[in-house]
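Right after this note come the structures.
Below are two complexes that have chain A in common, paired first with chain B and then with chain C.
Moving on to the complex of A and B:
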């Protein structure tokens, strides 16, 4: 039995934030979970899948976040409690349906968990999902510690049913991925029966059709939706998760939420400023409960808002303060606008300490600069100097190698439109700097479709787009359909490494199984591309010569859209892990090293971490510990010094 | 000779449209590659000096130094270059017959050189479809299979590098003036390698007024005829002014040379050499005598092989009529003059011996004589 399923009320477990969210959902009797993988959210659906059978839960990795939200909404419409999970960029993808859903409302409690990534630690941007709550007018909750991650999640389902609308729960990387003690509540023992009641009149919340809007009838639906938000604000006045700690009349009031609550508490403690600073930690950050805010603003005339990235909370509080100015008097605000808190990147206790010490004039010396310098020096000496790169034996390195070489030889200044996956390193020397545009999932192919139509304005650069197998289903299919239909002569490369590799091998529609490990029909990428009308080739990227020739054939073929599927499993994938195709070794007698004729191609340019440069001997060497035996380096060594021997 | 690295080669040669794609820099390292007639550098090399730069016939060519090393005296600017004799020739009865052009002298010489061990391999230019493909062969009959003119620039030197890597040490090289010049630079051991020995057994140069840019020619031809049915391409000696394309099925399609000349790369207009002056033997067509070749013998090694080949029935020699010789000198001198004037105008000729990197280094007096 999973520890997530422990039914002993009051038992304490060390949980990761994402697991605490899962436990909260289990305690709420959630039945259906859908999502699309994305750090830092991915563990949630995976955890559900582990308890799915015991708790009678349906969980799925959906094709993309919009579909996940739709799948989840169906469960709500049928009266079940349901959760939809995604990272911040996923909310953008889901946002079209999100607006409609917020308008139609929900039945069974429905919670959208959005895991933001301030500092873009594992994202290509630090987009804000909080703003979507305001945009589509649904309540937003933010847990301020790991216990709350469970408790607030559970409460979110009740709130959703009370309001008859979706509730957003927002986490951040440091909340999702930190671990802490969580005290369990009871698991419900209820039957779940799905029934979509739709035989009632329009706008009947219990039995009517679930529709987002009748054209020209905004007042009939939008008005009641806004009434839900006003009701949420009234409920939030009494929300036990909004807490104040500190003196009755502090000199400075910190208003904060989420992980910043913990940074603020630590900063106040380290400065010994508990007597001077109070912390209002908000769990209900949209809509704000005005009375609660007024009561706390009235404590002092100096307020510091501590939040990550955009001043979402800051602006809301300022609006209320302006409205309440007559009652509470003038307030001096510190935060992002005043320059105390940065609008970029993650916060940490040091940043909050710096803000507090300058506002309150408390001298504080962090770790001395010399410590920092010493640490850096030690790291330089002790750690290998290694840039951001692909894993040893990664098929993407081989794929980008062939793309790079084909484009250089072609000589028409061709380029690659990338998208989101491990292959974002295609923008860097480790991916041979081939990728020249990089945006959202699937957008590489859309952009390439546009570039390749600019021939009539004299552009003859070959255009290649990249997407992964999971991305193909997620967002690239419409772009390919566009390219085929518009006769746009792009070459779309599908880097098919057999799973959603970057986030941990979650299955996608092309996989033969689902998140529960059950056998599922695998949707055939090649057949889809052919059916769309693209010219399709398939190669093994480890076969450098054949792959490069395929690229030449395709980029020189200027009639319409072409697809090259480069199929090779990720080096870390379950099926390739601990297996080696080849034993690889370097013949030191043949290795040219730094001579004219090589100039360290393997370590200087190809850059597989499995090959290291032996400075003393002046030759390359295989690092047997991390070499996965793909054998590609043997094919790129110009001297034939790298030998591969097939493993029987 | 001033030797730099790949960075300078890229900026001064490829960057200034001087690269003709001869293959001198190809396959020495993993960085320079040839694709469809064009040379590309895949990745930057960080070495300050490289063989790529040293062998390139379009950068830092020191004519006096080269001439001194090959012929024992400085470059004197004669339109036909160093020569022992100038005459006419054609393949003898002993030589096999192939689809060679004109008198078949080149094929006959190379067959003979391989047969008698003067050479242990021969670097020639074959073709796949329209694309010229460098190869080295080791059997006399393989030479014939590659016979016939190609007319598009080819990275033939890469096959020389390949043959050297595989250990051949008396390699017969057949090439155009740029390829022969690159070969001469390679033979002069510019990197001062102590273990170096001249890898060639015989260098046969071809006469050349220009070559075509492969990609431009390919798209020109593909737009006009079915490129898969081309049997042979020929440009008969002047004054015909046409290119003949022979198709399977016997059709012959003609294109006026003034249309074809538009496909000549800029690089050829800087070439000062019509007769492959740094060869052992140079061979060309004969005006008005389509069954014969012009033959210039330049070195002792060349003379010896020509004489033996004649003695054994592989080659038939005769004198060149005076007016043909005069015309040859005039044509070659004209090409040299035009190219030197253009290169001087572009500021890429260095007569003063200063460090400035340039295409050619030539003695000021010789230059004056050539462009007079």
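Moving on to the complex of A and C:
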């Protein structure tokens, strides 16, 4: 039995934030969960799948976030409690349906969990999902610690049913991927029966059709939707998760939410400022409860807002403060706008300490300057940068190697439009700086489709796009259809590594299994591309020669869209993880080292972590602990010094 | 409350290493061991976008009072346990202080710029000398070599856990480890992990 399914009320477990969210949903009797993988949100659907049978849950990895939200909404319309999970970027993808869903409202409790990544630790941007709650007018909750990640999630389902609309719960990396003590509540023992009641009149919330809006009838639907938000604000006045700790009349009031609550508490304690600073930690960050805000603003005239990414909380509090100025008097605000809190990047206790220390003029030191200097100097000498690169034996390194070399050989200044996956490293030297555009999922092929139509304006560079197998289904298919239909002569390279690898091998529509491990029909990428009308070739990227030849054939073919599927499982995939195809070694007699015509092609350019430059001997060698035995390096060494022997 | 058994409250541990060394697993097991003893544990994980080869760091806050920030404030670590020497140095610069205890595996994993020949990786002996000059207590173990003797380098993380236990800096008992791994590993993996744990503890006693 999973520890997530422990039925003992009051038991304490060490849970990751994402697991705490799952436990909250289980305690709320959630039945259907859907999502698309993305750091830091991916563990949620995976955890549901582990308890799915025991708790009669349906969980799926959907094709993309918009589909996930639709799948989840169907459960709500049928009266079930349901959760939809995605990273911040996914909310952008789902946002079209999100707007309409917020308008139609929901039935069974529906919670959208959006996990933001302040500082873009595992993302290509530092997006902000809280804005969406305001944009589509649904309530927003933010847990302020790991216990609340569970408790607030559970409450979110009740709130959703009371308001009859979707409720957003926003987490951040430091909440989703942090772990801490969580005290369990009861697991419900309820039956679930799905029934979509749709035989009632229009706008009947219980039995009517679920419709976003009748054309030209904004007042009929938008008005009641806004009344739900006003009701949420009234309910939030009494929300027990909005807490104040500090003196009755502090010199400075911190208003904060989410992980920033924990940084603020730590900062106040380390400065010994508990008697000067109060902390209002808000769990209900949209809409803000005005009376609660007024009561707290009235405590002092100095307020510091501590939050990450955009000044969402700051702006909302300022609006209320302006409206209340006649009652509470003028307030001086500190935060992102005033420059006390950085406008980009994630926060930590030290950033809050610095802000407080300067506002309140409290000196703070942690170590002596001489220690700090010595430790930094040592790090400068002895802690070389790790850099960003592909794993040893990664098929993407081999694929990008072939694409890069083939484009160089072709000589027409061809370039690659990249996409989202581990292959974003194609923008860096570790991917031979092959990728020249990089935006959102599926955009590589859309952009390439446009570039490849610029021939009439004199552009004759070969145009290549990249995408992974999961990304193909997620968002690249419409772009390929466009390219085929518009006769756009791009070459789309699909790096098919057999799963959503970057986030941990979640299945996608091309996989033979679903998240529950059940056998499923695998949708065939090759057949789709052919059916769309593209010219398709398939190669194993570990076969460098064949791959480069196929690539040349395709880029020279200038009639319409072409697809090259490079198929090789991820080096960390379950099927490759513990198997070595080759024993690889370097013949020191043959290795020319720096005298090689290539000037250390293997270590300097190819850069697989399994090959190390031995400076003293002046030769390369294989690090047998790192090498996974893909054997690709044996084919790139011009001197033939790298030997591979097939493992029996 | 359990505060008395901790040298400080919160007591701050950083487990660091390189992606693929089992850093996160080690921090979760250590955290579970302490939660079962009644402590509040908060863990923050920092890892970059690459699954292999990047710096990885887990911050553990152990307290008898409450949860804490999942990020330890600068220079406030009490124990730095590292699966890789250069990572110990990196963490020392940001979170170290003169009173910190350092427990370090001596097997380097070379960063890509070093592999490329663009940057230097100093000798492990030099790293040892420098860390000794900065920290009050240092322990160096060859966890990777010991793990290889057990058949797989991945056991280095469990050997490191055994060594953490062996420092007696934390209120841990061997039984806590047995309980924690029983919840996480298959039955046939328990014995080898227990052997690794004991080996780590012995390495420190030497």
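Here, the second predicted complex is superposed on the first by the 626 of 648 C-alpha atoms of A that agree within 3 Å, B and C clash if a C-alpha of one lies under 4 Å from a C-alpha of the other, contacts with A are read in each partner's own complex, and residues count from 1 in each chain.
In this section, contacts are C-beta pairs under 8 Å (C-beta built on N, C-alpha and C of every residue); 3 or more make two chains touch, one makes a residue touch a chain.
This structure is a prediction, so every number in the text was calculated from the model and none was measured.
When the two structures are aligned on the shared chain, A:87 is found in touch with neither chain B nor chain C. Looking at the shared chain after the overlay, A:562 reaches neither chain B nor chain C. Of the two partner chains, both chain B and chain C are touched by A:604. Counting residues of chain A touched by each partner, chain B versus chain C, the larger count belongs to C.
In the superposition on chain A, A:66 makes contact with neither chain B nor chain C.
Applying the stated contact rule after C-alpha superposition, one finds that A:31 touches neither chain B nor chain C.
Chain A residues in contact with chain B (one complex) as well as with chain C (other complex) are 604. Here chain A touches chain C in the complex through residues 3, 12-14, 39, 121-122, 145-147, 174, 177-181, 259, 262-263, 265-267, 270, 348-350, 353, 366-368, 371-372, 374-376, 378-379, 381-392, 422, 424-425, 430, 502, 572, 600, 603-604, 607, 609, 611-613, 615, 623, 625-626, going by the rule given at the top.
Touching chain A in their complex are the following residues of chain C: 18, 20, 28, 31-32, 35, 40-55, 67-76, 85-87, 89-90, 92-93, 96-98, 109-117, 119-122, 126-127, 130-131, 133-134, 144, 153, 183. Across the complex, chain B meets chain A through its residues 28-31, 33, 35, 38, 40-43, 45-47, 49-52, 191.
Chain A contributes residues 404-405, 408-411, 432, 552, 594, 596-599, 601, 604-605, 636, 638 to its touches with chain B in the complex.
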